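First the structure, in the form of structure tokens, and then the observations on it.
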Amino acid sequence: MNAPVASLPLLHVADLSLEFRTRSGTVFALENIAFSLNKGEMLGIVGESGSGKSVLAYSMLGISDGAARVTAGTAMFGGADLLKASEHELREIRGREVSMIFQSPRTALNPIRKVGHQIEDVLKRHAAVRGVDLRERAIDCLKRVRIPDPARRYDAYPFELSGGMCQRILIALALACQPSLLIADEPTTGLDVTTQAAIMELLSSLAAEQNMASILITHDLALAAQYCDRIAVMHAGHLIECGPAEEVLNAPHHPYTRRLIASTPHTAPSIAAMSPIPGNLPDLRRSDLPPCRYAGRCERFEAACNAAPLPEFAITPHHTVRCWNAE
Amino acid sequence: QDARKDALLVVNENGPNSLDIHGVGANRASYGVAWIAYDRLMSYGKKVVNGVPYYDYAKLEPELAESWQVAKDGMSVTFKLRKDARFHDGSPVTAEDVKWSYDRALGMGGFPQFQMSAGSLEKPEQFEVVDASTFRVKFLRKDKLSLPDMAVPVASIYNAKLAKAHATADDPWAAAWLKNNEAGGGAYKVASWKPGQEIVYERFDDWKNGPLPKLKRVIQREVANPGTRRALIEKGDADMSFEMPPKDFALLSQTKGDLVVKSTPVENAEWFIGMNYNKPPFNNPKVRQAVAWAVPYEKIYTRAFYGRVIKLWGAKSMNVTSADWPAVHGYSTDIAKAKALMAEAGYPNGFDTTLSFDLGNGTISEPIAVLLQESLNEIGIRTTINKVPGANWRAQMLKKEMPLFINRFGGWLNYPEYFFYWNFHSSDPVFNDSSYKNPAMDKLIDAARFETDKKKYEAQVKSFIDLAHKDLPRVPLGQPVMDVVMNKNISGYTYWFHIQPDYRQIEKK
Amino acid sequence: MNTPLLRVERLVKHFKVGRNAMLHAVDDISLDIAPGESVGLVGESGCGKSTLSRVLARLIDADSGHIHFHDGAQESDLAASPAARFARHAQRGVVQMVFQDANDSLNPRYLAQDTIAEPLRLLVGMKDAAAIKARVEELAGWVGLPTELLGRYPHQLSGGQKARVGIARALASSPRLLILDEPTAALDVSVQATVLQLLADLKARLGLSYLFVSHDLNVVRLLCDRVVVMYLGKVVEQGPAQEVFAHPHHPYTQMLVAAIPDPHRKGQPAQIMQGEARSPINPDPRACRFHGRCPHGEPRCELHTVSLREVAPQHLAACHLLED
Amino acid sequence: MKMILKRLLLALPNLIGVIIVTFVLTRALPGDPAAYFAGAAATPEAVEQVRVKLGLDRPLPEQFLHYVVDLAHGDWGSSLATGQKVTTEIAARLPASLELTLCGLLLAVSIALPLGVLAATRPNSWADHGVRVLTTMGVSLPTFFTGLLLVYIFYYKLGWAASPNGRLDAFVTSPPTVTGFYLIDSLLIGDLAVFWATLKQLILPTVTMALFVLAPLARMTRASMLGVLSSDFVRTARASGLTPGTVLYTYALRNALLPVLTTMGMVFSFLLGSNVLVEKVFAWPGIGSFAIESLVASDYAPVQGFVLSMALLYVVLNLLIDLAYTWLDPRVSLDG
Amino acid sequence: MNTKHLRYVLKENPITAVAFSVFSLFVLMAIFGPLIAPFDPLDSNAGPALSPPTWHNPFGTDSFGRDILSRVIVATRLDFGIALAAVLLSFVIGSAFGCAAGFWGGWFDRISSRLADTIMAFPLFVLAMGVVAALGNTVGNVIYATALINLPFYLRVARAESNVRREAGFVEAARLAGNHDLRILAVHIFPNILPPMMVQVSLNMGWAILNAAGLSFIGLGVRPPMPEWGIMVAEGASYIISGEWWVALFPGAVLMLAVFCFNLLGDGLRDLIDPRRRT
């Protein structure tokens, strides 16, 4: 069956701004974020810690901290605006249409509930499965994420499982209702490289099987490049570059992206060749943040950078960059 | 509500700790048990003084004995027991039971033995079973207390057969069993007893030794908190209480509500400040007098006793003029005089000492102590207040080392020499807490005890009271008053020397 | 090869985890570290890397084995004196350690300068406050920590700054060997790069030896001369870094190298480790620890042990497959 | 089962400690029980006689040995004041105290948990501060004062509450003893009137007790609930679209209960302690008022028996808590 | 600890701020109490006995005619003294032993944990009662008894905290920097377990006062005529029913305020002493 309108993306985020109102000031955590995601596509979001990757993901699901306020923007998903949806509507979407998996899988599971039951909770909620079928369906879910001996694992508690195994459970939980979008927030941080490889393989093969779109949030540019179709780079609440993975990796246009790539050990031929990014992320609580938040760290900074709001240049139809001095 | 009609609910601070008055450590509340669950051969008569019903210590009336005859030589008495008298288990009361009971009072030692000896009842041979319903007591000497002493709770008659069934070789007097089980024939049976909680009496309908009591049930509950007791009484949820702080009695007696407060002076009793007669600094008579002049009598009267005592200070003369007992003394509050005496005694700068009292009497003693402390401070006697827990009090009294203390004493038998014997005799009984020793005093007490001539007797009484006021081992503060608060619909309350109400005469409308 | 700075011989550390249950965290490990050499230690989580480093840093006692330390002409066995009293050992200052979590490894109630000054007082024996201050500032300069940050508490410092304070403290006693237990794992990529550059720089300047523990093989590749691969308490392969990454011999090392994310392998399914890891508790002494997960597993792997053998110059690996 | 035995075995040294401490403490009590029990008019010789009878003349270690041997035979001695066997006395009074304490605990928990959850779901809101102030107020007043205040207002002034004179009104007959808990016993015989009467008597003392321990419970609930609510797995649950009810109760609360359970053990100990005061105010014939009386009378056996039974109770309670813990938390069964 | 930090902590939590100001008031009262009290607290001529509050005696007078306001003010010192001394005692002993036990483990840990368990196996108030009954009712013994029953809490908290920190990176680092065990314990671990202990300290100060009050109620507390809140409430308690509410109410209210403020102080104290909360 063909998609009714091929050009319509699965998720289209436009102009998203979000702030946290805290006692110590307002944190302008996201500003003018725009990206879209097609069916079956995997988008990688990379950036330094604190650049707003998680906040962005949470805002999609409406599970942001209570202090968060979406001040502008839309996130159209299957005809509904996720940002304006009521809590009730969102609850129907979460876990059924859009799912999420998290970093540190061990703590992301309820430590005192059998993993089987945790999957059942989701099934009961969304798939309206009842009774004996429930257990079967849950074991099915475990089987799908290639857990050896799923019937036995059904009765296990998270503490009895290894980290990689917990992450599989978490994936099973997220995919239990076959959502059309999966957001993975650093799903392999803290896991061994070998386990990381296994989890990523699993994720990409499952996504392919179900034609599911996914967002992979990670620190690891190399990882994102290996698995994602497109990569979005974030810095201090701005999405500064977004494009096909190879293009972004091999021909970055934003100076930040450039630096980020250069500081990744993977790509650097030697230590001396690594070029760290100078300075720190700006304090997002300042109300007089410059239009370009990278301005303070940028080697190509000019007075013009502070003059007007950031423009968005399309390098190619699918590759956009937000910088005055983009090459 | 019907259940309440013939039943009386009494709330008190303390309850009995034993059903056996002969038992070791039986407390005052257990006198009450002995009084109504057991009978004695005789009881006292009744009189009305100033409209207040009073027992009459001078008059003996039949109880278990329907009559008695004192021998011509005055050296024995023979009792005829009632034929129809029954114990609670239905068995008849015989002279055997009486003898066993008297023997037991002597045989158990301790307090019952002492009490019996106060009436010169000292040897089992004195008690003789003549026949099943005739009992004789032989006297060792002529003692006016002998007969009255047979009407006090200690002389209760036990069901010997029943008790003996529970005696063992180690425990020939069945003390263990009788402590928890009642074996009497009194007007009330103990229906249930939960030590520390409540005792429930039920009327013994076969009681023949007097008019059948009106109340079917009497429940005596222990409510430790005075505030709670007062609330219960005021709300009418409880019928009666005779253990309340004096302040509550004072206030309740003024309010015109559904409550009646009956107050009766306790005979032969005193509140006093005691001083150690043998040890410095109180061995100095000037110091003792200084204390007597420094006591804030009026303040203590209003703020500690709330007026619930009879004043025993401020007589016009320092000399004793009548044989009335308890007697009024001539001291009053005069700090200047007290200060002068302290200087004379060689303590112009005063001294430090401790002021002790029994925590069990704390409700009254503590305020006295505080007021006294303040006053003594003015004449240079700096005191530390020492609250002695009830358990320790007897031990402290026995040691006779407390320099300064507050205490009260009451004698069952209403004779001043009885009081003096216990309190001032140099044979040093426990209650001689000042350890007062004066041969002149001993002579007077011993003489009065066996004196038959009324004039001489009164002269002796006057002189020993006078001696006590002069030597001043104690400063009397007041004569206690027995207060009982009850609902208006309760009648028939009479004061008894053991200061427990006699439920047999009480009615509820 | 000249005399190594540190020669570890048959080091064993077992933890008691229950009645009759011993967890073999470090099981008969021998290795050398030459002066000025940096050795990378890699391996799966829980394979005993930290335990080994803690034993070498004399924070805990080994059950058996020796740690020979050559300082000039002198040689001493560090394992001979118990850890509890090692604080006063003459060689305390020469082996130092930098911890993974810079956040956790700084006393929250110590200013940065106090933290750096402590070894100066206790190990170097400096007393003079001015001299200490000067030295602290010098050390801060080495690690690129602005002096105005010295008066701050750890929570007032960023992750990279904290890492620098940790390194400065470790350098204070002029050590010969620095043990680095995942010093960059908690840092951002951008900060990680600067710290790595700092470490490389220090090594060159001070002639330090490193034992560098890491998950990230890419980092090890960049920083280390030699790499030691551990699996469940055992060394399974060791050799020159480039050599090991280019030609891994042990199946585990092969999988490890294969699992390094690589954009060039996009679309190709990776070789994935199957099966479950063996338990480190009371392991079968004869069986290969990797047996069960090893794609080339054979019955003999369970029957007798193999020891490290040279597969290329200076390149050792322990596997039956290499015997043939 | 094995675990229960093991736990009990572990508690043994504690019990031994308790026995020793109690023994030493009771012997250090002032006053001479011999003098006390010899009665009002005793001579020193009579006192001596009582002393020998009580075995108080022997050296302390010997007394201790006798005591332990007797204990081992199930003989806890007799109260000198009431003459009853300590075991019977405690058996008669313990249910009264336990019924009160458990009701207090139950009430406290059923108020504190919702309050704690309320506060945790709205941290730093006025509701949160309100809960904090309210519960802290409860713990800031001496229990006896609270009790009297409640009596004054609800019994004396308003006349709503039952008279504060024990477990049952004097004119209601107590139900036949099965469990010793009047609430249960009255239900067993189906006597609703007695049940109601018992409940009425229980209300004020229960409220007094509950007020006192509301604070630690609510505080702990709030703290642990806050921790759990910000934990990763609650975020997972929310991200899975589970209903707020499921998230709050099945996920958050059950986890948050674990530390609360530990607090409950401590709170129970508090309650047993404050029992002593509350029982005095409400004329409650429990074990606490018994302890005071015995203590004041230097009556060794009941004091020792009281403390021992408290310690036993505490051991049992901790066992129950451990069991509940293992039931709630599968992780603990591992480390036996 | 600078004033900026204090201001920050107070601003963070309005309730703590209130508690702090009330606390300061109490401290002033403890220091200057005897000077500001309108009457001698022991003077039984301050007014008529049991007079309700008047201008002359704003809190009324007690059964002896002593001025309740003066007594309440002067009692502050004793009550705070009891609370402070008791808490200090148990804090010092408990945290020292607990720290050592948590750090070294072994037999010392087992013994001290057993000790704590044994104390905890008593209903705490009953133990305090027993101790005061056995040793006699003096202020000193009330303090000892209170300290004793609080001991296990410090032991446990200190033990748990130091046990956790034994493994902490900064402790290992300190070892590498040449610290021996004792120094680590004293310089590195102990200061760091102070913040969590502060909450306990403030709670215990409240308990100490309540404990003294409870002991007074059953006749085992401070000796009369010393003004002490607990004993005043206990004495006044029996006047509640008879309508002389002020005798118990004012001391009760002040006692409650003090305990209340102690209880609320905990979090603030912790924040104050914790450098991590400094910004």
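In order of appearance the chains are A, B, C, D and E, and numbering begins at 1 in each one.
Keep in mind that, in the parts below, a contact is a pair of C-beta atoms (placed from the backbone, for glycine too) under 8 Å apart; a residue touches a chain by one contact, two chains touch by 3 or more.
Every value quoted in this text rests on a predicted model; they were computed, and no experiment measured them.
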## Note on the structure
In contact with subunit D as well as subunit E, sorted by label, we have B
#### Entry: Third chains touching both subunit D and subunit C
A, E
### Pair sharing more residue contacts (C-beta pairs) when A-D is set against B-D
B-D
### Query
What is the chain whose Cα centroid lies farthest from the Cα centroid of subunit A?
B
#### Entry: Geometric centre distance via CA averages, subunit D-subunit B, whole Å
39
### Message
Between subunit C and subunit E, what distance separates the C-alpha centroids? Give it in angstrom.
### Response
49
#### Entry: Computed distance of Cα centres, subunit C from subunit A, in Å
33
### Whole-Å gap separating subunit A and subunit E, where each centre is the average of the chain's CA atoms
51
### Task
Pull out every residue in subunit D that's touching 2 or more other chains.
29-30, 148, 151-152, 156, 280, 296
### Message
Residues touching two or more other chains, restricted to subunit A: which are they?
### Response
none
#### Entry: Shared-contact residues (touching 2 or more other chains) in subunit B
225, 227-228, 231, 234, 359, 389
### Query
For this entry, which pairs of chains touch?
A-C, A-D, B-D, B-E, C-E, D-E
## Note on the structure
The answer for subunit E against subunit B in the complex is residues 42-44, 49, 63-65, 133, 137, 219, 223-225, 237-242
#### Entry: Contact set on subunit A toward subunit C in their complex
48-49, 148, 162-163, 191-198, 200-201, 205, 219-223, 225-227, 245-246, 249, 259-260, 262-266, 268, 270-272, 274-277, 280
### Task
Would you tell me which residues of subunit C are touching subunit A in their complex?
44-45, 158, 188-194, 196-197, 200, 215-219, 221-223, 255-256, 258-263, 265-266, 269-270, 272-273, 275-277
#### Entry: subunit D-touching residues of subunit B, taken from the complex the two chains share
3-4, 7, 9, 11, 17-18, 23-26, 109-111, 114-115, 176, 179-180, 194-198, 219, 221-225, 227-228, 231-232, 234-235, 237-238, 359, 388-395, 398, 422, 429-431
### Task
Show which residues of subunit E lie in contact with subunit D when the two form their complex.
14-15, 114-115, 117-118, 120-126, 129-131, 133-136, 206, 210, 213-214, 217-219, 230, 233-234, 237, 240-241, 245, 248, 252, 255-257, 259-260, 263-264
